[in-house]
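We just call them A, B, C and D in the order they show up, numbering each chain from 1.
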Amino acid sequence: MTPTSAATATGHHPSGPGTAPHGYIAQKDAYLKRLRRIEGQARGLQRMVEQEQYCIDILTQVSAMTSALRSVALGLLDEHLQHCVVRAAQEGGEEAEAKLHEASQAIARLVRS
Amino acid sequence: MTPTSAATATGHHPSGPGTAPHGYIAQKDAYLKRLRRIEGQARGLQRMVEQEQYCIDILTQVSAMTSALRSVALGLLDEHLQHCVVRAAQEGGEEAEAKLHEASQAIARLVRS
Amino acid sequence: MTPTSAATATGHHPSGPGTAPHGYIAQKDAYLKRLRRIEGQARGLQRMVEQEQYCIDILTQVSAMTSALRSVALGLLDEHLQHCVVRAAQEGGEEAEAKLHEASQAIARLVRS
Amino acid sequence: MTPTSAATATGHHPSGPGTAPHGYIAQKDAYLKRLRRIEGQARGLQRMVEQEQYCIDILTQVSAMTSALRSVALGLLDEHLQHCVVRAAQEGGEEAEAKLHEASQAIARLVRS
């Protein structure tokens, strides 16, 4: 698993030679598969609306899709803590503090979304 | 806007002649547009993972997408209460009770998803 | 169970003779019991902080307390739909519309809290 | 700020001499104050039910209380990441992994509560 040029394209989050890639990348294919399934759920919802299906049935699918998204988010966050945050903590200093602040804010957005 | 055959295809939720269609149908196009945008967000997330972008940036997009889904759900629920539930309440009887129980369960799923 | 003077004290939500009391009142004692237990959880959390217990153990209790509150809210909402909203729907008119709008907003606040 | 005997009473989370106390303890008084206010909200809710106040007004207070609890949880989690998790990450090994796994599970419980 090597960092691609795309990874360094984010600019302020380089993961060049000598630094490990983002935590989730080891499971990149699994995440892509889950996101494709979520995309399929979004298309399924359009079909249900198109066919004027019953509101409650649509709501049930929206809840299932929201749960699937939540799971992806919790997975990404777990990998982020285990890799990026641990690495930053070991290096210490301002960078570590910034990374932790950033993680806390992401958690808050997640909890409130 | 008349109920289409698709609407009656749901079987146990007929909205044939004499009954009004589901509440959200008056805004069908607006809902389809919002769901297409959500589908686009799901594709955008796949692109971000594909390009190995920074975990926190992906999480920010997941939160935005979850909020968009929540908004759609709250909109659908509002229409459902204003149309299907009101109609059932006016008719009364067991059907009304069943509809209200069903709405409460949909709300609970939504709150917990 | 008769509406008490306290119920009419809310002013703009009278439930005088001829109108039924709010839906949850039939289960008033059960709700009071649940809320007392939640108050106890709030006191338990203070004890944990006072005793400088482990953060994660405190968070587990906060999650349990949040779930208990959510359950109370979903119960109250269900009673509200089954009684106040149904009654308003049967009476129809502007009052019904206002009640439904109000219920939808309460659901939105609940989902986002 | 010294770890009290109560803190070590949790057994598997000792914070004896040489180890730092849990992150939130520096703000112990602020947390106690917030939790006392939340306890007051729980009592306020009982009063509202006792007085048979309007369901929607009660629900509004429940939402406010849930938000206050969420804020406390996010604060505690932030302190936990900045102190306990950083410390564990610096020490490394199995302990670090266990602490991160534990934090991820607490986040998941929080998101789903």
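To be clear about the criterion, a residue touches a chain if its C-beta (ideal position, glycine included) is under 8 Å from a C-beta of that chain, and two chains touch if they have at least 3 such contacts.
What you see is a predicted model, and the numbers here were worked out from it, not measured in a lab.
Engineer: Please identify the chain with the largest separation between its CA centroid and the CA centroid of chain B.
Structural biologist: Max centre-to-centre separation from chain B belongs to D.
Engineer: Taking the mean of the CA coordinates per chain, how far is chain A from chain C in Å?
Structural biologist: Chain A and chain C have C-alpha centres separated by 34 Å.
Engineer: For chain A and chain B, what's the span in angstrom between their mean Cα positions?
Structural biologist: Inter-chain centre distance comes to 24 Å.
Engineer: Which residues belonging to chain C are in contact with no fewer than two other chains?
Structural biologist: 70, 73, 77, 103, 110, 112
Engineer: Just say which it is for the chain contacts: an open line, a closed ring, a star, complete, or other.
Structural biologist: ring
Engineer: Quick check: in the complex, which residue numbers of chain A touch chain D?
Structural biologist: Checking each residue of chain A against chain D gives 70, 73-74, 77-78, 81-82, 85-86, 89-90, 92, 96-97, 100, 103-104, 107-108, 110-112.
Engineer: Per the contact definition, I'd like the list of chain D residues that touch chain C in the complex.
Structural biologist: Listed in rising order, the residues of chain D that touch chain C are 3-4, 6-7, 9-10, 13, 15, 21-25, 28, 31-32, 35-36, 38-39, 42-43, 45-46, 49-60, 62-67, 69-70, 72-73, 76-77, 79-80, 84, 102-103, 106, 109-110, 113.
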